[in-house]
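Think of it as A, B, C and D in the order they're written, each chain with its own count starting at 1.
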Amino acid sequence: MIGGGQGAFIGAVHRIAAQLDGEYELVCGAFSSNPEKSKASGTLLGLAPERVYSSYKELFEKEKQLPEEERVQVISIVTPNHVHFEPAKLALESGFHVVLDKPMTFSLQEALELREVVEKSGKLFCLTHTYTGYPMVKEAKQLVASGKLGKIRKVYVEYPQGWLSKFEEGGDNKQASWRTDPSQSGIAGAMGDIGTHAFNLAEYVSGLEVTQLCADINVVVEGRQLDDDGAVLLKFNNGASGVLFATQVAAGEENNIKIRVYGEEGGLEWQQSDENTLLVKWLSKPAEIYRTGTGYVSSYAQHNSRTPAGHPEGYLEAFANLYRNFAQSVRAQIEGKEAKAESKDYPGVADGVRGMAFIEQVIASGKSDKKWIDFTI
Amino acid sequence: MIGGGQGAFIGAVHRIAAQLDGEYELVCGAFSSNPEKSKASGTLLGLAPERVYSSYKELFEKEKQLPEEERVQVISIVTPNHVHFEPAKLALESGFHVVLDKPMTFSLQEALELREVVEKSGKLFCLTHTYTGYPMVKEAKQLVASGKLGKIRKVYVEYPQGWLSKFEEGGDNKQASWRTDPSQSGIAGAMGDIGTHAFNLAEYVSGLEVTQLCADINVVVEGRQLDDDGAVLLKFNNGASGVLFATQVAAGEENNIKIRVYGEEGGLEWQQSDENTLLVKWLSKPAEIYRTGTGYVSSYAQHNSRTPAGHPEGYLEAFANLYRNFAQSVRAQIEGKEAKAESKDYPGVADGVRGMAFIEQVIASGKSDKKWIDFTI
Amino acid sequence: MIGGGQGAFIGAVHRIAAQLDGEYELVCGAFSSNPEKSKASGTLLGLAPERVYSSYKELFEKEKQLPEEERVQVISIVTPNHVHFEPAKLALESGFHVVLDKPMTFSLQEALELREVVEKSGKLFCLTHTYTGYPMVKEAKQLVASGKLGKIRKVYVEYPQGWLSKFEEGGDNKQASWRTDPSQSGIAGAMGDIGTHAFNLAEYVSGLEVTQLCADINVVVEGRQLDDDGAVLLKFNNGASGVLFATQVAAGEENNIKIRVYGEEGGLEWQQSDENTLLVKWLSKPAEIYRTGTGYVSSYAQHNSRTPAGHPEGYLEAFANLYRNFAQSVRAQIEGKEAKAESKDYPGVADGVRGMAFIEQVIASGKSDKKWIDFTI
Amino acid sequence: MIGGGQGAFIGAVHRIAAQLDGEYELVCGAFSSNPEKSKASGTLLGLAPERVYSSYKELFEKEKQLPEEERVQVISIVTPNHVHFEPAKLALESGFHVVLDKPMTFSLQEALELREVVEKSGKLFCLTHTYTGYPMVKEAKQLVASGKLGKIRKVYVEYPQGWLSKFEEGGDNKQASWRTDPSQSGIAGAMGDIGTHAFNLAEYVSGLEVTQLCADINVVVEGRQLDDDGAVLLKFNNGASGVLFATQVAAGEENNIKIRVYGEEGGLEWQQSDENTLLVKWLSKPAEIYRTGTGYVSSYAQHNSRTPAGHPEGYLEAFANLYRNFAQSVRAQIEGKEAKAESKDYPGVADGVRGMAFIEQVIASGKSDKKWIDFTI
């Protein structure tokens, strides 16, 4: 693991997600750019001292030299955005598979480069767009793909948060500080942090690609350096249209990412606050409630749950699904087999490139007087 | 009553709303432009035959001549949009108070004229933006006005319907036919029919005024003559921003108009599908559930309900609240008194003018390459 | 109208319910046992002074003598329980149809007598078990009757309220005072006031009859004279079992009467707080959401709604459905026709007799050491 | 681990729960009474072959002889009910801490013996009443304990399932087979499997003890050997009363255990289908929505969650909370320290004894003609 030392939120989440199904064991780490802190974190996590490294460079260097059966196989990178590209590139080039937190890189340029690195390396790469790991999000995608909703016409996706309603940065709130700092986060704040999740979810579930967008991007809290709010009109490649909004200043909201997709015959609705329910609405018959863990859901939904219906599986299980599917894919590659379609259904470098393009173009649109901006890569 | 003969949806709703509280008695009508049909409707409604008229002109003419204690006092106009302005103007000029269905007129120009007519006439005028009649919508407005949420930053309003997902017009579906016909509805379809409701709700609850907008307006169903879908980015006069969407092609949706407003300290959420609940969210304490009919709600919410908490009051009661408040205001005027503030809180000609401006400008924006259009009247 | 003068909750509700659909006109009344108060109420309601009576006896006496076309046709009785039997009997014997508030009488003995009076009179009789007037309760009954859920096994019904959590009686709270006073309410408090609603709903929806019961009846608030809480185990005539509870001391609860019925193949759930939704659950397919005002619901549900799906119809509409169905039945009788099955589906004297038997036996069971008591009439 | 081989539901759940927070490592097991199957399961789980044992007796024997730093510390027992007592007793007497699945034993007699064994052993013991591990269940208990709801008057608890609506036993459904077999489950079916969970939840949240009960116990599905349904009237030691029901034949229900508790000033409501929400209702102010992961909840709720509000934590996290708290308590004991109050808040042997008493007495009540049975141990 690169990053994720004491006090980091997402590092702990990655560790739980990885070990939840017993598919991974944490064997080494470079948990901080400060060697002392890295050591301290490694000790707390019970690692062998010789495998707690001072830097990711040292980690790759030393681990490469270990015998294959001891050597780490998958590198998780959970650093702030500006420390994504370099370690990911180096990890891949050093022969490791990589799990990387989103957004993929600091800039679209880096993303395009990383795509090439992944392709050349022959190694597997997973980008943790967590929400696509929920069983009912899988079901939503499968339902759209089945054609039962008819041709898709409308996509509404939203991600309201309230935790940046005040000026939180600059003090003890480490999360707030780096996420609002352009030198660590890049050109976007809310749009990079959560807008990319919403964008990815919209494309994943609908099976469509955004072709044009028109954005209203705001810095609501005085003194903040990056956007904390935005709304985007969308056009898709099949002629459908949509709305995306993401905000960190909706005081009182938690993390209720939500998507609605409508076709000619019906629509669907999923939201994280009721994570194990997929609401399916029909033009002229009763709406249906699809539920995680039931016998009637698709193989994709079943593959991504662990318990019978009614035992709620939450965020950590969704995250663990990414890790588990990635592990199954890595194992298949090692064994020279083809992984199951369900196992290969995890977000990858292509999602990362589109996410970075979204960030660049949504910020550009926010500054533009022109209504529609083409979404190009 | 003008319009609202057999088969008309909204005419029956107006009649129920008017008589629900026993404040009005239906005494005369011109229910159709076809005199035979008008007579037939009048008979069914149990009116005295001599007070069922062949045209609204005849109605005003004859009723004016009746002794004051027999004469109709309030005229309800429930015709399609292209027959709003003329009868409303004539009714006011003939000395009657007027209740008019929305959108107020066929064009902004007519709306501006009607505003003058109302002002000159000294008569009272109510425009039936029904949703502002719900007790919890009243509560929402009062809560924002109280300042407890802090300065307002975000307004999200939506009105998804699915009933025009197919090409319904041109056949037996009278509702679909006139609402999609530019000669009867004007320049807008969905934006006029339900977009104006969403717009009015946003301004009513937030207490703000839209100053700029940027719209994506679509005709989704092939062959349709007017927009059946749209999404609009909004800027408000206090610096807040927002999103409005209204669609009639969200297959499986009913009439779930919904509003969310966020300030610096908290937010609120109301939707018609849970009409007696106002969800109030706070930055750092538990969200609260405000309910119709309780003892702790504002005088405005209490004034607009009839039963103790837990006895749901629905759409017809919300509609009846408009009629009841209007009746109380009319009675106060007749008695030379000042009506209570709660009674005077019904939508009027100013709302109608803003609604017509919204229609004109949202359609203009939909056609424009420019991002932001100023909202001017 | 008998009773229902100023300050009475249920009298106003009856008046709204009756006039909502324009089927009834209030023409006369004896609104209070105090003639002054009766006059005052009549004046407020805009009645002709000569038809505001000092007593119900006078009302029946005088109205009988009016010409048939002027005479009142239907008598609504909305007095406390101890003044139900006498006026109802006299009204029927005087040739009027009767709408009576529940519980039907003061004792089972009176109920049995009233049943005979109704039968002899040839007049129609409606008991206002309001909840059976909701469209989705109609749908629930039809769904069970269709056999789609299979043989019914379990019935859970509950009616939690919180308004009597404190000692409210004896002061200004007129509602609390008479409902907790044995001389006005009879032998039961909560069980008579709301337990009978729950009991009626259970038998109505399930189409079953209770054959045995075992009750725990409590007076929770110190000093109260009648039960304010109870729970009852039930056995039904097809072998099904169930649970009923009703309480007035569940602090914070409003009026959330709720029923769940399960058969071999599926179950259903309805509750007043989400009045226009019927949740239908299936053993091995997705649950379905049935909604008021849609095209797919039964003729019974459609007959009992007024507006398209998504315009919530609430408590007053449910109440109005009883009045409207009763009006249609009365009109059919007058015209010598058979009323539609949907019109005849309103609660009557048989429901009232079973309700009074429930009261007597549930109170007896509460005092008994024996577990099961047979439900007999 | 004892039991929990391939195909066992609850064994896999225990393993996930134990390793989720990285507090436990699976080091040895006797996964089946069939040595071949035990070996196979151990291999699949990646254990060292020499630590996969043929029987639990062998496991305790061999592990005891290992050096302290290699030896297993905590034994998880996840066998059917009839194989709870013996291995638990032996584990404790062999010097291991024990985590045991519920219900604790096969009979009350065994439960009382096990209590003595635990006390004598000085070892720690955890019984996996999972639902008490949810953060919002912790919050509920703390809220009651704070006195804010006033004296508790009513407790309603329910656990509806539908998975045994048909005769599932005797075939491939291993879960159905052993849970309906008296030789493996004991004298109770549904009451033992889920009734005990409901009972434990009621006593845990309310802080009260049941003193009397009156039960209706049913075998609904023909041919079944044990109860699959029951409802129980309850009396508590402070004078409160309540209702408990548990059923496995509510077709269409999943696992929606739910509790409501009402005091003089307010009430609370929690259900597994909305696991991260605690609804708190007040007599005369708005209801409040308490949420997992927020800053305003008690130290108990905070201690039992891992992510910020809005990232749902589900069943596996609740289960993991039991394991984590137990680990913290074991570690404190080893280190000679006092564990935090929050860490010690896991279900133990006293809960197990009360659960077994509930089973014996609820079944006895079901067969009795007497209404109330004293709850005694």
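What we mean here is this: contacts are C-beta pairs under 8 Å (C-beta built on N, C-alpha and C of every residue); 3 or more make two chains touch, one makes a residue touch a chain.
These numbers come from a predicted model, not from an experiment.
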Going through A-D, B-C or B-D one by one, find the pair whose contacts repeat those of A-C for over half of the pairs by residue number.
-> B-D
Take the average of all CA coordinates in chain A, do the same for chain D, and state the distance between these two points in whole angstrom.
-> 35
Per the C-alpha centroid definition, the whole-Å distance linking chain A and chain B comes out as 43
In chain C, residues with contacts to at least two other chains = 253, 280, 287, 291
Chain contact topology (line, ring, star, complete or other) | complete
Across the complex, what residues on chain D touch chain B?
-> 280, 284-291, 294-296
Name, in rising order, each residue of chain D that touches chain A in their complex.
-> 9, 12-13, 15-16, 19-22, 26, 45-46, 161, 163, 253-256, 272-276, 291, 293, 306-317
Could you please specify the touching residues of chain B with respect to chain A in the complex?
-> 149-150, 153-154, 156, 162, 165-166, 214, 216, 218, 220, 229, 231, 233, 241-243, 245, 247, 249-253, 260, 262-267, 280-283, 287, 368-372
